[in-house]
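Each of the next two complexes has subunit A plus one more chain, namely subunit B in the first and subunit C in the second.
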Partner chain A sequence: MKDSFFRSMTWLHTWVGLLVCWILLVVFFAGSMSYFRHEISLWTKPELHSGTFQHYQANELGKQLASGQTFLNEQTHNARDWRIYLPTERRPYLSYGWQNQPQAGQRRGEFHELIVKPNSEEMISEVRESKGGNFFYRLHFDLHYIPAQFARWIVGFCTMFMLVALISGIVIHKRIFKDFFSFRPNKGSRSWLDAHNVSSVMALPYHLMITYTGLITLMFMYMPWAVVTNYDGDNRTFRAELNPSRVQTKPSGQDAKLISVASLLPQVKRYWGDTPIKRVVISAPHDSNSRISFYRNNGQLVTDKRTQMVFSGVTGELISMSPVEESATHATYDTLMSLHTARFAGYFLRGVFFICGLMGCAMIATGALLWAVKIRQKQQKQISKGKTASFGLRLVEGLNLTFIAGLPLATSVFFYANRMLPLELQGRAQWEADCFFITLGLVGLLACFNRSLSSWRLVLSLGGLGLVFLPLLNALTSPSNIIDNIVSGQWTLVGFDLLSCFLGLSLLLTVKKLNTSNKPKSAAINKNTATGSQRQHVAGENPLTAKVKEAAQ
Partner chain B sequence: MMISNLMVLSILWISYIAFGCLALAMFSNFRSTFKKAPTPLQSRGLYWSGWSMLALSYYLSVAKQGMLYGSIFFTGMLAVAGLLVILTLSYRAKSLPVFMAAGSVICLLNLVR
Partner chain C sequence: MRSSSHYVNLHVNENENSYQTGTPDVKSCQHFDLPVSSQVKTDSQTVTHSHVTKLTFIEKVSLYRPKHGALITRVSAAIFGGYLVAANVCGFIAALLPLPAVDATLVATMFAFAIYSISAIRAFSLQSPMRACLEPLIISACLYAATQMMTQHL
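Let's look at the complex of A and B:
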């Protein structure tokens, strides 16, 4: 009985893991990159790299809000809302934005944003069109090219598989404590298994947390029945009850004079003290139903809630304030959400999360490679007799090459596209994303014809070179290079350059290691098995480093 | 509640030492590092110092950054420290005690200060 239980768990782990591992890899990779969403967005907009950075200054607040209101009042006509974004640690600049009235049939109107230079009235409006970090953020749960709703179901399905694979993996890992520190390199499939175990076990709390909370983030979509039953399927009423401050009031259509936003500051300060404000949103300006909302910068509080104060835009009366008293369920949900999004994380914790995310990528990649290595060993006899490998094996090896080696390359291509596509190109932001997928497609095409070590080497070294030269690209295509950034203390930009350089170098080092470690091996082994063991080696070295590199950006 | 860079480094290194002790408490790791078998006393000593270092690291994380944030931070640090210990053991097994000792000096200097 015990044996059959163990065996069925192993079966479950193998097949549940294999079936969706490439989508999971993309999701994990994109998720890890999303920890640096704002940082990537900043890097992809070199127009903002000089003369815009400023810190949050409480004593400048009144002035900034007043000039923002004046500016928006003059520049916009019949806007749906105005927004004033104050500088934060991760978005270190002041900007004014507005949303036009939505076109018929659309939920949101066109959004514009202008970045304000510190201590002046000057604005930067010519910012290139780019998705930046939001590309990876959306890729994480919306994938691309397919309707978001559909994509979220796919991702949710894969996440469920991931959870099953994680739990069955813990069950079948008999030596979880004995092998806690074991990684034996250069031992063929043993090394792969070790790498798989190490990347899983070391970050196990993270993997379980991120997978489970990932399901929670979209739980109202996956399991809507409670809302359907209790609110007759009216999601909006449900949300409104959950968080009254997020209710959007409809404009009345009657004109009324908007009060000065800055005049509300003393009231805000009475409740929040000197806690920084993140942004101010004025909805339906100059309407008798207009609202002015202040959002607090929650810093390192472990919460994903928006803490806000809503005032009437006409009378200045305080209408609602969050957080309202919350139930235990709500608090639990909020904590789980915040753990997933890690919006509270400071730079160090963010980096740690990122490393854990990369270990997740490594776990998935090594698992997929391990499967291919094992099956190839099984089929070795037939293959050496001149038969071709089974279709399943070829498919898995091809997908491994495409996604494991292709993702870092595609990522570096994304950043090159960001800097090199002509600025006036129609649909430029979409083209950047297209370049990412075209690269993946090309690697996939290569994988159709040649899945050998040389392909791995080619794709990985291209990706590595691409990443290593990103700082150079940045120096050539932005107003400041890495030295300037170090001098002026722009650590976000410096960090991006250094990390991509480091990841690129480690990728190249892997390729080099592949070359040297492979030669004596293939000579030592007899001809028949040489291809198999070679393949193992190549794949083994690659995925780990590849993952790490990808994530770094 | 901001935490200084040096403090982060200390917590990371304490976790590294903790995992290093726990790894050395195991027969095979001890042998590959020191080229001899550990005595039972050594094993037990390493085992318990490993756990107490872990406790110290958790205490520091929580004391410096609050219960919630500190706990999350500690869990994340464990993953990184564990990974570093494994890499050391796989490629530089003999240097593990050296790294641990060098780390403890830095940590002590920082904590005493």
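Let's look at the complex of A and C:
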């Protein structure tokens, strides 16, 4: 395309990266938050913060299942299924839930869940309506406000762009190992390039893995052609063959008595030993086709499989059990899926994944900022003569401000909305999400008028302050504050408070670095002779490099 | 030099029509916006020699190249052509592999995205945009035919 392969790939990397980087930034950001979605969901429900946590107790299982079944039997009428969630490490509470039959026009019926307090029959039903961590989880592939299928196509399209950007980035990075150790601060666009290189290369295996496995999670939607070839497009048959124990049986319509769930425990124990059970689902209760499924807590196994045992709800006979043996291909597929979701990760590994995700955000952000800085340098001559910057440059700078500075602010607004919106507000969960996007919109509006460093300082410091004061917000609006949580050992809540405080502080530190710069305006006037030379010392850009250094670490 | 009339400036590489001392090492191109004089290197002065021929309508149409034509062809070759290749490789591998159907389907689908990105990159690394466009089409056609033969749909 250009003179050489290298130059073509450089061009390709720039454009493939630039065109979709802001959507990718949202996806990476929301995805990184999703590593902690259960923890975030817990934090957004202060009603659960005191007196609800309990550990999994194998010897209490029978009692818990029995009382669960009794409760659900009394409470529900014609529910589609009943669920008993047993305490796990990341969801440390016992709850009973049920899903109603779908109403006309609904795809799924309403789901209700009641948390059971430990050592008592008391249940918490008045938990505030909030999407919690699931907001970020859904955001990173279903986006928001648009139909899910359409959003997944958009995200898939952007992910392909990302994959091509990664591969072309590797190809053009001739001195990949040498550059890995170079970071030249205070040198304008060269520093941005170094920051971009460091944040990309340091977590390169992660970036490649997460991008490719992200495509794999939705691969049957993007590439159904193998199914078309081998199964004539019959998705149902393929799914049944892929996962035979997941096939759902339709209710027969005939009434039948449901056996006691707890009576099946000895059978479960025989096959699974002492492995903790994650949940029990009773589908089509009181129907002759009812099924009782036990799901095992796979813990740290690198698998996304829902390992389950399915019994008949009427006779108690074992219908199917998740196969232990699976083909190598299937194991590969399962491993790739689970690498993306990281359900196996314990807290340390989860933290590492989270940091890698943030490095991905840094990679995208530094790339976009690098382009803006370079192009501004190129156009500096015309700009100082009085011409306005080109539309492309203004657009990119505006989008940079909106997303790079706006996302942390929008996140903190989301959490403030979670605590401060009235509990009886109709559609409260959606309002919290709306506040997130309204904030982004407002920052975007600001970016239309003022894209200078002062806007960056304003938005970043607001975001930083918001995040820093989240523990205080928690103390004021929750029955237990951070000290209580440390005392009672509720580490998920402590971790959330501390992490948000830390991230807020790093944002504020960044703003401080921006504040101690030389005035950008005078620097621009002095440097009106700046050409495309990368070694040119553009003083106004200094502090931004420090910001990236913070973000990249 | 914008050709706003019916005439187009054609450059030919052969010496017969050029007055310069050496052959300019530029491919014959029909970009309307390239100044004629930059193409001709002479040692004394730039001469704007051009043979202006009146073209028929059909010739005008066939010679039309939009301003970013090369870019658009490459982008379509990458996005659509690449997908076509990946889809056909997917189907081909699914039919080819001697594994059970489930496994072959899984392997083929997982592999397809690597193929997509490689063919997208190829579309931008080839020198000729026309080739970048035709290659995916031809490869896809061959693979499709092969897949159909294997699954005996032909």
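Definition applied: the second predicted complex is superposed on the first by the 508 of 553 C-alpha atoms of A that agree within 3 Å, B and C clash if a C-alpha of one lies under 4 Å from a C-alpha of the other, contacts with A are read in each partner's own complex, and residues count from 1 in each chain.
Everything below uses one rule, namely that a contact is a pair of C-beta atoms (placed from the backbone, for glycine too) under 8 Å apart; a residue touches a chain by one contact, two chains touch by 3 or more.
As the structure is a computational prediction, the values presented were derived from the model and not from experiment.
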Task: State whether A:Ile486 touches subunit B only (first), subunit C only (second), both chains, or neither.
output: neither
Practice problem: Answer with first, second, both or neither: which of subunit B and subunit C does A:Ile259 touch in the superposed model? | Solution: neither
- Using the superposition on chain A described above, determine whether A:Ala226 touches subunit B (first), subunit C (second), both, or neither. second
Per residue count on subunit A, the busier partner among subunit B and subunit C is C
Pick one for A:Phe5: touches subunit B only (first), subunit C only (second), both, or neither. second
I'd like to know which partner A:Leu498 touches here: subunit B for first, subunit C for second, both or neither. neither
Original post:
Of the partners subunit B and subunit C, which touch A:Leu163 in the superposed model: first, second, both, neither?
Top reply: second
As the complex stands, subunit C meets subunit A at residues 70, 74, 78, 86-88, 90-91, 93-95, 99-110, 112-114, 116-118, 120-121, 124-127, 129, 147, 151
Within their complex, subunit A touches subunit C through residues 1, 5, 8-9, 11-12, 160, 163-164, 167-168, 171, 212, 215-216, 219-220, 222-223, 225-231, 238, 241-242, 327-330, 332-333, 336
Listed in rising order, the residues of subunit A that touch subunit B in the complex are 178, 180-185, 198, 202-203, 205-206, 300, 302, 339, 344, 346, 348-349, 352-353, 355-356, 359
In their shared complex, subunit A is touched by residues of subunit B numbered 1-3, 8, 19, 22-23, 26, 28-29, 65, 68-69, 72-73, 75-80, 82-83, 85-87, 89-91
